[in-house]
Structure formats: C-alpha cells, structure tokens
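Think of it as A, B, C, D, E and F in the order they're written, each chain with its own count starting at 1.
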C-alpha cells in the first residue's frame, strides 16, 4: 500500500478532454472516466434527457502522487471557473500490484 | 385560417405520439426512451432526410431560383439573430441574449421533418405542394451561420472581465474568455448534426438510383414510423421542461411564442418574392420560424458557457418546438394558401 | 394434445431465437443486448401491438360480446390474485405473497404477442382464428387491476410494524409504511408499459387508413423480426435467472408452472361461455395464464418494497414465461380446439 | 481548498428522486448522479438485465458542508431502511473555483 | 485492374458512409453513435447474415465441393496464424505476435458483409457471381480456429515466468499464467459473435419459407441501409485510432497492409483449385484476407492479457479493415476475373 | 455511523466477475458496480469505442469491515497484476439503517 491522493472531477462531457489534457500536461497519466452522469450545482440541473448530449456530465477520477495535485489543480481550476463543475481531493491507499 | 388544416395536422400519427409523450410526462409516468436511443433516432432521421433530399436534388433540375432560395435561407439564418439579440437584451444580459439569438436564428430539423410529413399527409395532387430536394440543402445551410453570429455578438458586446477574482486566477487575464476560433468554426460547421445532414445529402447526390433502391427500405419506407417514436420522446422531454418555465419569466415566453410566426412570416415573404411553390414556402417558413435545441446548445456550451442553457434550451424545446409542430405548421400553410391564392 | 401444434410453435423463428438465447446463457457466452436496447425494443413492441389493435378495432364492429370480453378480462385480472394470495401464504409472508399474486394476476405483453404470432403462423383460413383488435384492449385493461389488488392485500394483511427499531427511527411510527395512494395509482395506471400500450391503441383508433399506411412499414411489417431479437434477449435474461431458482424452493416453482395452465383454463372457460372464436379464446387464455415481469415488478418495488423481487421476478421470468411461450400456447390451443370442435 | 464531507448514496433508481428531494429539503443543492449501476447487498443482487429497469441502482454523490450531513442523514435513513441501499460519508477537500 | 470496379465499390452507399465517418473523425466532429448502438447493430448484422445464409443453404444443394470449401476455410484460418506468428516475431514479443497472428487468422464479418453487398451491387446476371449460403457457414467456421492456434502459440513459446516479483506474489508460481482451457474454448466457440452467427444460420436452416417470409422485412429488406449506419460508425472508430498508428511502427503497418492481399491470394488460389464460382471465390478471399476486431480481441484480453490491444486492434481496425473494404474487395475481384477468364 | 473501509477497484469489464468472486470468497457480499467506464493507465488508453466492448472498464466499489480488506486485497492483487487495473482503499463512515 502507498498513500496517494484521489482527485474526483465532475465536468461537462463536452469539456472533459480539456481536463484530461490538463492532467496529462502535469504528468498524471492514470485516470478513469465515468460517462453519462447527471447532476445539479450552481449552474442549475443537468439532465441527460434525450435529443442532445450537450448537458451530460462526466466524472474523472484519478489516483496520483500528492506532489502532482497542486500543479493539476492549478490547471483545472480555470476550466471549472469557465465551464462549471466540481473538484474534490481526498486521501486513499493505493494497492500496488 | 382553415381549421381543418389544424385538425388534419393534429391527427397525424407523429403529432398524436408527441401528445402521448406530453401526457406521460404530465402524469409523471416513468415512461422513457433512455439515452442513447433518442440520439440514435436523431442520427437516423438526419441521415434519412439528407439522403432523400440528395436523391431528389439529383432528380430535379437546378435553376437560379434554387440558388436564390439557398442564399435567402443563409440570409435569414444570419439576420434573425441580429434583431433578436437587441430585443432580448431588454431582458437578458449579453451572453444569454446572444445564445438565445443564435438558438432562434438556427433551425430545428425535426420541425422541418414534421412539416414535410404534414405536406405529405395532405395527399395533394398539386405539384407545388411537393417541396424540392434543395430545401434539405437550405436546412443544412441554415444550421451554422446563426452560431457564428451569436458568438460574434457575445464577443463584441462582452462586458470587460471583472477584476475581483483576478488574484485567485492563475491564468493571465487575456487567456480567459478568448475565443478559440478553430474550435468554434469546427463546432459550427462540423458538429454531428451538420455532418450527418450534409454528408447524407452529398451521398444522396453521389449514389445512383440502384444505390438508392438498395437503402431506401431502411432510410425511406419506415421513416414516418420512426418519426412517431422520436416525437413520443420529444413530447416527454419538452413537457418535463415545462416546470422550468416559471424561472424564465413571461417576456421570454412571449418571445418564444411570437418570434416563431414572426420569423416564419419573414420566410413566407421571401418565398413569395422568389415565387416558389407552396411546399417550398412552408418549409422556408418553418426553417425561419423554428429554433435549434441540438446543434446550437452544444456549440453555446463551448463558446458562450456563461449563458444559461436553462433559458435557451427550455424556450426552444418546451415552447417554440411544440408551438410550431402543433399550431405553427398549419397556420403558416393557411397564410401561404391565402397569399398564393 | 395435437403434438404437431407444439412442433409448429417450436419451429417459429421467434421461439427458436428464444432457445438460442437460453443456449447462449447456459454455455455462459458473453452475448448480450445491453440496456437500453431491450427497453427500446419493448417500447417498440407495445407501440406496434397497440397501434395495430387500435386500427383493427376501428375496422371491426363493436358489439356487446366485446364489452363482455373486456369485463371478463378485468374480472380475471382482479380475481386471480385473490386466490393466488391465499395459496401463496402457505409458503410466503404477506408482502411476498401479495407481490407474487399481483405478478400472476397481471399479464405479459410479450407472451400475448408471441401467441398472436403463433396464430398468424398457422395460416388458418378460418376467420375464427383471427383475434379481434379488442383483445389488445383486453390486455391493456388487465395490466393494472392486479397491481391494485396486490397492494391492497399487502396492506390489509400487513403485520403490525415491529417496534424494535422505533427508537433509531427518526420518522413518526405512522409515517412508515403508509401507502401513497396517488403514487400507487399513478404507478398502476400510468406506468410506461400501460401508457405506451393504451396510448398507441387510442392513436390507432384516432388515425385514418392513410395514417396507418404511412407508419405500418415501421410498426407492422418488421414486427415479427423484431420479436425474434427481443426473444433472443428474453432467452438470455430468463436463463441467467435459472440459477436463482434454487433459492426459491420447489413449491414456488410448482406454483409458477401450475398456475399458468390453471389460470389459462379459467380464461378458456370464460371465452367458451362468451362464445368467442378460437383466436380470441387463445389470447384470453394466454392473458390469464401469463405473469408480468415489467409493469408489476416496477410497481411492487415502490409499493411493497419488503417483497423480494428475487422471488416474483424470477418465477414469472424464468419459469412461467418460458413455459407459456413454448408449451403453454400450443397446449391451450389444443384444449380450445377440443372444446370448440 | 476547503474541507467538506462527501456523501455517497446507493439507491434504487426508482427511489432516487426521494433521496434528492431529501437532500434539497435540508439545503444540499449540489449533487451528482451516476445511473445504470448494479450491485449486491442485504436484499440480494440487482442486475441491470434487460426487460425492466426496475432493479437498477444509481449512485448519488454530494459534497457538502459538515453541518448539513446530520440533517441529510436523518432524512435519508428512513428511505434506505424502507427501500434498501447504502450511505457512506467521508472527508475530502473541495477545490474552490 | 479494372478501375471501374474500384469506382463502383467506392460509390456504394455503405462505403460512402464509411468515408463520411472517417471525415467526421478527421475534422474532430463530435458525431458519435454511442454504445450500445454499435453493438446492437452488429448483433443485427450477424443475425441477418446468418439467417439469410441458412435459408440460402436450405434452398441449394449441398455437394462435396461445399464440404471441401468449408474444410479449406478452416484450414486457412488455422494456417495463416502460424506463418504470421513467425514473421511477426521478428518485431514483436511472443504474446503480441501470437495475438496479432490470431487476429489476422480470424475474419471480419463486416468485411464479408461489405463484399456481399458489393457483389450484389454489380447486378450481374451470371449466377457464378451469386455466392452460396454455405459461405456464411465458412465464415462461421473461420472465427474460432485462429483463436485456439493463437493461444497455443502464446503458450508454447512463452518465456519462463520472471522471478523478480515472485516474493510479492501471493499466488503460487504455477497458478499464474496457466491456461483455463474451459474458459478459452468457451471464449473461442461461444463468444457472442459466433453464437449469433452460427445460431442464426441454424435457425435459417430450421425455419420454412413461411417463417422466412415473416421475418425478412426486418432481417433482409433493410439490411443494406443498416450497413450504411454501421459503417458510418466504423469510419469514426477506425479513423479515431489512426493517431495510435504512430506508436505501432512502419513494419507492423506494412504487415497489416500486405498480409491482406497475400492471405486473400491464398484464398483465391484455394478457390481456384476447388473450381468454385467468382462470387464464392471473392468471399473466400475476403475471409482469408480480413482480420478480426471483435471476437479475437475479446478472447485475447482473457487468454493473452500480456498482449497490447493497442497493437492488434489498431492494426486490424484502422489499417486492414479500411484497406479491404475500399481497395481490397475490388482488387481481389479483378484478380479473380483475370484468373477465371 | 460506523467506520469502515471503502475499496474502489477499476478492472476490465470482462474480468469483473473474477474480482467479485474474489470479494465474495473472503466474505464481502456488499458491492456496487459502475459499468461503461473508460480510462487510461500503464497499459494504455481504454476507450468504449463502438464495435467491441472488449476494452471497457468497470468500477467496483465496496464498503466493508477493515478486517476484510487484507484478505480481499490478497485475492485481488494477482488479478490486477495479470489483467491490469487499480485498487484504492480509503476511510469512510457507514450510515447504518
């Protein structure tokens, strides 16, 4: 086991590539994406209702070294500010295999 | 207005299924066509209408009047957002007014398809009631200009960035809010709806009758039935957004209802000046009078993220779309018949 | 029993695809029709059967015998849960017996459709083998009463709330377990399956032949092929539940197998008394003998959450449904032919 | 960064509206919903197998102030007791944007 | 080579939609047919081709030449991975060479379907251009052998397990990497694609003409249209993988492009020796020359997880598949016409 | 509330049954599965692109007693080693209902 940080980002699916690029640019290469997520926040309710997928969210989860969190957050913050979303950071143990 | 046209329209299967969807949503049924089925159906409908339009285009002769119609279509799509923006600014801030203007300048493919369906159901023997394949090209051309105009409006009239949060902002001032033009144009001209529609139109032109025969049992024969299923879902989606209307206010709702016949009348006027048949005129009216709820919202989320989709999507989906497919289409045809008579 | 009827049935494409699905599940293939495809197909099937029934209803004359059939259908759907409940109470607690009773009182639309398909495949020239469009109405009427009866049974015979956990429960005693009647009735009469079926039936009545012609290439012509695909999935789903049977015990399985021909015989008796044709009789038998696995489970999860779906869904899906579509349908027809001869 | 509580609720999709209403009623307006979730618990296994969606679960994730957790839990508990499900609460840092 | 064959092929609607998909991916459009739609469409295509093949098989006479074709098909599928493996070992390690060899030994059903579609579009009156229903059986027989051979190769030539990490490994040495033969054979012979194809073939044989008539409006008439939609998605998927090509290196790309006509020529040679018609010969060529991207990757992920799907899927999907459906099919037919003349 | 451990495993969907069986074999009977997950890690990017579902991931989340974590991890580690994936363990409070 190794202590790491778990980042959890909710962002509009159409903006997800920006977040992933931001993660990669600071050296975070491991992440998992959950698609088809709906939700509610400061900018109202986002349903996955028919027709357009434009209001779908996705959740990006990444386990990374503590040292990478600050640079990643620096890159992600302006994206969240512009397009809305959520970023949580918590502690976890990584089972090395 | 000939009330029988209205009743004819309300009795088409597609509109009845739209009503069923609305009913299901109002009684809070758990009925749903979950994603990605509606997305799949909308790709199918765009593909089908594009192919059929392309094939019709190939079969017919192209003359200058066709070119004029296409130019008029682009003009309508670029002009309507302009005046809409200034009217909407009375009630909305710049980003919301711009996004709403773009929404109403662009078109709704399903409204167009419903109008085609309606013309067809009239079983008229008058060839002037059969729209030309170039009307699909007109629709394709009207999707994108409004997006570009809307973003330009949002940009040109943008308020200077607030400085209050600049200290916490790690990006240099000039980086925020800059338009990424490459991305915007890609979104305007290469978004999924435009690609499928234009691509299918071109494929419809490229293939020969043998090719069309081989695919029309899928893309043509079952078309009207699929439209029923799709409108069932649209009814659900539109009615579930009705509760959001309260937050939008009466002036916006008035805009959503009034701009439809107003823009449609512009379309009719243009059609009249160009001397086209009743079928083409109705479709031009419907294109001008309808508002986008797929392509434009997707583009606005990228280019004008400050605008609230709870406003522009709700208006186009829950007000203008139902208005057009139930009352609007027969109303516009009644006007056209009166003028053309 | 005429064994050729059984073989005829087993050789219809739909039943063969059901068998393929069962086979795939038994050999633990990774074959799957992932959600929401099955849900989409089931909306399609309900829509198609509803529309066709409505159109047939319009074309035929409605006399008192039709009204009697509809009344008998409702009666069967409300009565069968009653005796089922008391039989099931021998083995099950109140919530589970009630949910199971509701499940077996209600109907399975796909069993109904498979029976229609079977009648059709007989290619009989005898008009008595062609069921009336009102049988779809009968089906629609049989979906909901069993739900209401089931919930009433669960409520009426409910054991008094256990007090052991009342201290940790922040809600006042009377708040837990109260029926929300509005919600229950909405679930019983406005659940997705009922809405689509009844709505399509009414739309089928409302449209004219022209409207039907325009949509039948989608809702009628490909119907039997879609049924194959759907039954492939049903085979997968039913067989994957077979492993849950162990936990259910032999008496429940006996109920699931025996209640089907028993209830079907009731249906046949009623049909015989009413003097309807063989086609109508078979469909009434199938409606009475089949058990729900869509509408009722959805309602029970809301209204009787204490009941274990691992019991009532498993029974109806993995035992009664396969029994009915393979052996039951030809068996019931053989009985009918013997009686009607 | 601001320390917050992360609530994570698994509930049958048909009951999700109750949970969301419960959250809203105590002032939690931010949440994210992941649909199409299956699982296993005290009340058996819930597959997302064909036919009916009646046995599908969903996961509701909400980041909220510590002070809102207790009232939210009070409202959610009876729903879980009646319809089954799971509620976890953990610590996280919220990246303010 | 007769260039008109190539142009004919490029003008079929299906290939044009493939091109549209590629275009959409290249301009980075957001166009998508999200899962599970493509999976659903692929089940449909396999079901349709299987049923039609079965029905055709029933209608035709089976003679020894058919048995020889089937044997030759199995032989090709088992032999091509062998030589491919040793060639690929020049550049790749054992697991990757084995997975790639299996991929190229097996077949691509969509390439087969596209070739059938192409033959059909030629509208030839020569019966030798109409392939026999047994070719679908040949396809079904070619899916699995390559999987088994590939896994055997991976196993036989496996390097001894590295000991470096054995201390941290809680499982006994011999447990890791052992083949689970039951699982492997299940994966090879009972994977979803094989089950649907073989099952539908058998059902096509089992049903009578009446049964076929009842389902062919769904499984036959709209087939070519559905293929267009599916190839639109294939174009998107293939082109989105193009960026992964850089990481694969030129020698792999050369293998992916050259092995297709090479294996196809083997197929043509066998067909020539067996004296079959041009239609059968083309399909055998296409089967031998195509590479799997559904069944084999799924099996390899289970049995040879050390292999990198970024290599074998990318090669078969982004290089060999597009090559075959655009250039390969007309090229192979040109060769056949030259030889058969 | 009761302190428990939250295990979060990302694994190829085709291998998910192995993980669930491993959990069950050590006595973990409660878990939730999120399907249709994509991601990136040591073994490259896994898209959910059309055609084949062979490269789809899923996420298995399980809340269990601390004492079960070690035996579960022992069983899961070799699966992750062979097929790739991720396992995180973190702390949470379980709301007992």
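Following the convention adopted for this analysis, a residue touches a chain if its C-beta (ideal position, glycine included) is under 8 Å from a C-beta of that chain, and two chains touch if they have at least 3 such contacts.
This structure is a prediction, so every number in the text was calculated from the model and none was measured.
Colleague: Along the shortest chain of touching chains, how many steps lie between chain B and chain F?
Modeller: Steps on the shortest route: 2.
Colleague: How many links in the shortest chain of touching chains run from chain A to chain B?
Modeller: The fewest steps needed to get from chain A to chain B is 1.
Colleague: From the C-alpha centres, identify the chain that is farthest from chain A.
Modeller: The chain lying farthest from chain A is C.
Colleague: Using C-alpha centres only, name the chain that sits farthest from chain E.
Modeller: Looking at centroid distances, D is the chain farthest away.
Colleague: Can you compute the centre-to-centre distance for chain D and chain F, using the mean CA position of each chain? Integer Å is fine.
Modeller: Taking the average C-alpha coordinate of chain D and of chain F, the gap between them is 19 Å.
Colleague: Centre to centre, by mean C-alpha position, how many angstrom separate chain B and chain D?
Modeller: Computed from C-alpha means, the inter-chain centre distance equals 38 Å.
Colleague: Whole-Å distance, chain B centre to chain E centre, using C-alpha means?
Modeller: It comes to 41 Å between the two C-alpha centres.
Colleague: Counting only residues that touch at least two other chains, what does the list for chain F look like?
Modeller: In chain F, the residues touching two or more other chains are 14, 34, 36, 48, 53, 77-78, 81, 90-91.
Colleague: Quick check on chain C: which residues sit in contact with 2+ other chains?
Modeller: 30, 33-37, 39, 221-222, 298, in rising order.
Colleague: Of all residues in chain C, which touch chain B in the complex?
Modeller: That would be residues 35-36, 39-40, 43-44, 47, 51, 186-187, 190-192, 195-196, 199-200, 203, 206-208, 210-212, 214-219, 221-222, 298 of chain C.
Colleague: Looking at the complex, which residues from chain D come into contact with chain A?
Modeller: Interface residues on the chain D side: 1, 4, 6, 20, 29-36, 61, 63, 90-95, 97.
Colleague: Touching chain E in the complex: which residues of chain F?
Modeller: Against chain E, the touching part of chain F is residues 12, 14-15, 36, 43-45, 47-56, 74, 77-78, 81-84.
Colleague: Taking the touch rule as given, give the residues of chain C at its contact with chain D in the complex, in rising order.
Modeller: Contacts found on chain C: 33, 35-39, 42, 165, 169-171, 175-177, 233-234, 236-237, 240-241, 293-294, 297-298, 301-302, 305, 308-310, 313, 317.
Colleague: What residues of chain A sit close enough to touch chain D in their complex?
Modeller: Checking each residue of chain A against chain D gives 8, 10, 34, 36-42, 48, 57, 59, 73, 76-78, 80-81, 85-91.
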